[in-house]
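Okay, got some structures for you below.
Each of the next two complexes has chain A plus one more chain, namely chain B in the first and chain C in the second.
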Partner chain A sequence: MTAPMVNLTIEGRAVAVPAGTTILEAAKVAGVLVPHYCYHPGLPVAGVCRMCLVEVEKMPKLAPSCATTVGEGQVVHVYSEKALEARKGVLELLLINHPLDCPICDQSGECELQDYTFAEGRADSRYREPKRFNPVEDFGGDVMYVPNRCILCTRCVRFMDDLAHDEALCVQERGDRASIGKATEKDLTHPWAANVVDLCPVGALLSKDFLNKARAWELDRTASVCPNCAQGCNTIVETRDNVVMRFKPRTNTEVNQYFLCDEGRLDYRWLNRADRATQPMIDGVLADWEEAIHAAARLAKGATVRLVANASLSNEALYLLKRAFGPGVITVRTGAEAPLPGASDLALRADRAANATGAEWMGYRRVSAPLEGLGAGDVLVIADHDLTGVSAEAVSRAKAVIVIGTQVPAAVTAPNVVLPIANMAEEEGTFTNLRGRVQRFLQAKAAPGMARPSWFVLADLATQLGQPAVHFTAGAVFDALAKAEGAFAGLSYDTVALKGKLAAGATAGARA
Partner chain B sequence: MSHGPSASGGALVAAAPHGHDHAPYTPVFTAGSARRAELDALITRYPTKMAALLPALWMVQEERGWIAPEAMSEVASVLDLTAAYVKGVVTFYTMYHQHPVGRHFIQVCTTSPCLCAGADKVVDSFLEHTGCKELGVTSPDGKFTVIEVECLGACGFATPVQINADYVENVTPEKVPAILAGLK
Partner chain C sequence: MAINVKVLDRPIADTSYLRATVKGMALTLKHLVDPHKVTVQYPEEKWTLSPRWRGTHRMLTTEDGTAKCVACGLCPTVCPANCIKLVPGEDEEGNRYPLVFEIDEFRCIFCGYCQEVCPEEAIHVGRHYENAEYSRDGFVYDLERLTAQTHPVCEMWDPADPKGE
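Then we have the complex of A and B:
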């Protein structure tokens, strides 16, 4: 049953929202962002910061819009003189003990205190007394606490209590001495604890990993999907000068809400590896792309091919590999599952691969020993697989080895052909998460050397192997895939868009 | 500027090691103990266990002299709370000691009326005769800690001094040695 709709006017704009909506959320519908600190859509409402005060006609006092639900016929003024004056006062009080060390603060440029002070605060300070000082504290995990910058919104406390269910934080002391406290024997090593850094509206909670590495305004932001487990959390890949600096969560209420686990967010350095395959090679000699593709096709044609694929390759790459060689085998690295208990169906998944579901839907077999039973006359095709745990001796049983990857695995001592491809941050494509949701990721940086997007290389290769695949974009590959593979029927690259879509395979008996 | 005894941002410095205060923490509410029985009886008077938090903390302070981080964990587990929540409460109230203090905890009122009556001289006298030298610092013999407090509500008897749970009124600098001599 849907809630009845309530009509109200916000800043002169008529809006209709379901009963029970807060004024702050209704204002978003009207296109008005009410300034706020303690409110966060993913956390319980606290109503402690008083930054979201708005004037509601016929109400005797200003109302905290995060904690006031809409009423029929309400007339809300966000920018009335009274509301602006109140919020200016709140900002002045927040800035009393705030160090204004923006030039050396990591949050600068993405700081809500900066933004709202710029928008609505006083131009100067009337405070002349010494400011409170407390030393920086290591909260454990990836989190550092700078109490001087803290505005006590308690988002971090509520995240640890209500989402992580690991009550490590509290507000300690009181009045002008208050700060965020950590229970003595606790720290922020919960697998999801680093989300408090994203939630912190100011520079009080900082990522140790990102500390002093880049300024917010230097970063280029690209919509992407975390490649580090089967959950497929939506991310923003932030790069500077073609280097991935960090992952941030991208809101998707169907997948990861507002969050991203610590392991996922901190495992981005492999995207920046310098020891990459950057040139097409034939028998150890540099070749151009045309020659290398032809050489690979000649080796594979008519031979028994063992295809070993990385389970984090895109759907597009796996589809084209299948067209070229038939479905191969994948291995999936596993680890402990780590749920975020306060969110539904959100966890760091045991499968630490982005696309095992997509691969299995297309007929790839999950194995633990990828080279088992490799025949002496077989051609081994390594598709971005690192061959961890496989010996050079095992590889040498193959008649020929074709490496299509970001790197040449250590176990492959003499590859016959190397076709260098882009990693997931250097190309676009889609992954299928463990619930069968197909999600797109975009290109965040340039591939090194002559490396090409995987779908580009594999389309050429499939064509040379007599499986015509002429595609000019990753989207065209996906659309061909959706026509050919029943599990993806009905999807298109455009409708998958940036929030993803459940595939037909998800309802037709996908893995739980 | 006066600070409560718990003021981490103030002059209070953890006392020099003395006696039992830095020994490993010994739980207060062990099964079968008198304090446990007292707390269990108290809990029955409230709708929630959480409501017994303040008295439980008082019991710890009476037994151990201060509330150590380990004590917060103990109280948390006894009352089904989290250590972080207990820490928030302990630090909120200035009368819970977060550091060891002397056996005689001396609080001198220095709010305006008492100050007019010479409370600052009383403070100086206490600091000198106890050997504490500084506010919030425990005397070398571990007997005394002196702090300033806001209004003790005895303005008619300036200067009042609270020593542990007892009031001494009309204190002047000259009376201090005799008061201290009367303390065990």
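Then we have the complex of A and C:
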């Protein structure tokens, strides 16, 4: 049953929203941002910051728009003189004990206190007394706390209580001595605890990993998908000068809401590795792309091929590999599953690979020993697999080894052909998460040397192997894949867009 | 074939150099009795610079001699010539400081934006103009060089004119 619609006017704009919506959310529909600190769409409403005060006609006092539901015929003024005056007062009080250390604060440039003070606050302070001072505290995990900058919005406390179900944080002391504190004998060691850094609207909670590394305005942001587990959380990859600096969660209410787990967000350094395969090679000698592709095709043609693929390759790469060599085997690294209990169907999944579902739908077999039963005359094709736990002797049984990957695995001592490809931050493509949701990621940085996007290399290779695959974009590969593979029927690269789409192969009733 | 040259017959008063010579000598003699000096006897004598002169940079220091800079990154952001290289670091007490701070004075256009934007009043353009070096590398001033400078710094605004600010 859908809620009845309520009509109201916000800043002169008529909007209709379902009954029960807050004025703040209705204002977003009207395209008006009401300044706010304690309100966050992913957390329960607290109404403590008083920053979202708006004037509602016929109400005796200003109303906190995050906690006031809409009423029929309401007329809301967000920028009336009275509302602006009230918010200016709130900002002045918030800044009383604030150190104003924006030059050394990591949040600077993406700080809501900065933004709203610039937009609506006083130009100077009337406070002449000495400011309260508290030392910086280590909260454990990846989080550190700078109490002087804290505005006590309690977003972090509510996240730990209501989403993580781990009451590690609380407001300690009262009045102007109040600050956020750790509960007795608790640390922010919850596997999702680093989300409090993203939730913090000011620079009070900071990531130790990102501390002093870059300024917010230097970063380039690219929509992507976390490649570190099967959940497929939507992310923003933030890069500076072609180096991935951090992952941030990207809102997708169907998958990860507003969150990203600690393990996923901190595991980005491999995208910046310097020891990459950068040149196509034939028998250890640098070669042109065309020669290398032909050499690989000559080796594989007519031979028994053992294809070992990385389960974090894109759907496009896996599809073209299957076209070229037939479906191969994948291995999936596993770890402990770590759910975020307050969010439905959201966890750091046991499968620490981004696309095992997509691979299995296309007929790839999940094995633990990828080279088991490798025949002496076989051609081994390694598709971005690191061959962890495989010995060089096992590899040397193969007649020939073709490496299509970002690196040449240590177990491969003498690859016959090396075809360097881009990693997931250097190309675009799609992943299928464990619920069968196909999600796109975009290119965030340039590939090193002569490395090419995986779909580009594999389309050439498949064509040389008599499986014509002439595609000029990753999107074209995906559209061909959607036609060929039943599990992906009906999808297109454009409709998958940036929020993803459930594929036909997804289990019925799954929501992620 | 001869070119047709038109020969003008000008009056002697116009063509004589006597008049111009006397005029020039009169000016010379005037300076002899009224020495209106324009030439500065550089380097013995030096010009007094305007308080708003913007020359090569200087980094101011705190009492203990370390640079005031906190590596906030505003000067490389605002710099229109892209001549400031800054790598932030962190000391044992967790304070931000510049690990690398270099200004390429060849690239610099001496706009003074870096001084204007600096929240710590650390980097300044200087009232200084003698910048000769033996190599091009000498014009990339590192932090040590910037803090070692002693020349006075730019006022940015004319202190006598309150409207300037």
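Points to keep in mind about this one:
We take it that the second predicted complex is superposed on the first by the 506 of 512 C-alpha atoms of A that agree within 3 Å, B and C clash if a C-alpha of one lies under 4 Å from a C-alpha of the other, contacts with A are read in each partner's own complex, and residues count from 1 in each chain.
In the analysis below, a contact is a pair of C-beta atoms (placed from the backbone, for glycine too) under 8 Å apart; a residue touches a chain by one contact, two chains touch by 3 or more.
Since the structure is predicted, the reported quantities are computational estimates derived from the model, not experimental observations.
Steric overlap between chain B and chain C is absent once the structures are superposed on chain A; the two fit side by side.
After overlaying the two complexes on the shared chain, residue contacts for A:V136 are found with chain C alone; chain B is out of touch.
After superposition on the shared chain, chain A has more residues touched by B, the comparison being chain B against chain C. Applying the stated contact rule after C-alpha superposition, one finds that A:S108 touches chain C and leaves chain B untouched. In the superposition on chain A, contact of A:K301 is made with neither chain B nor chain C.
In the superposed pair of complexes, A:R215 makes contact with chain C only, with no contact to chain B. In the superposed model, A:R174 lies in contact with chain B only, and not with chain C. With chain A fitted onto itself, chain B and chain C come no nearer than 21 Å, counting C-alpha atoms only.
Chain A residues in contact with chain B (one complex) as well as with chain C (other complex) do not exist.
Of all residues in chain C, those touching chain A in their complex are 70-74, 77, 88-90, 94-96, 119-120. Against chain B, the residues of chain A that register as touching in their complex are 132, 134, 157, 160-161, 167-174, 177, 181-186. Chain B makes touch with chain A in their complex at residues 6-9, 69-70, 72-73, 82-85, 87-88, 91-92.
For chain A in complex with chain C, the touching residues are 102-104, 108, 136, 211-213, 215, 217-218.
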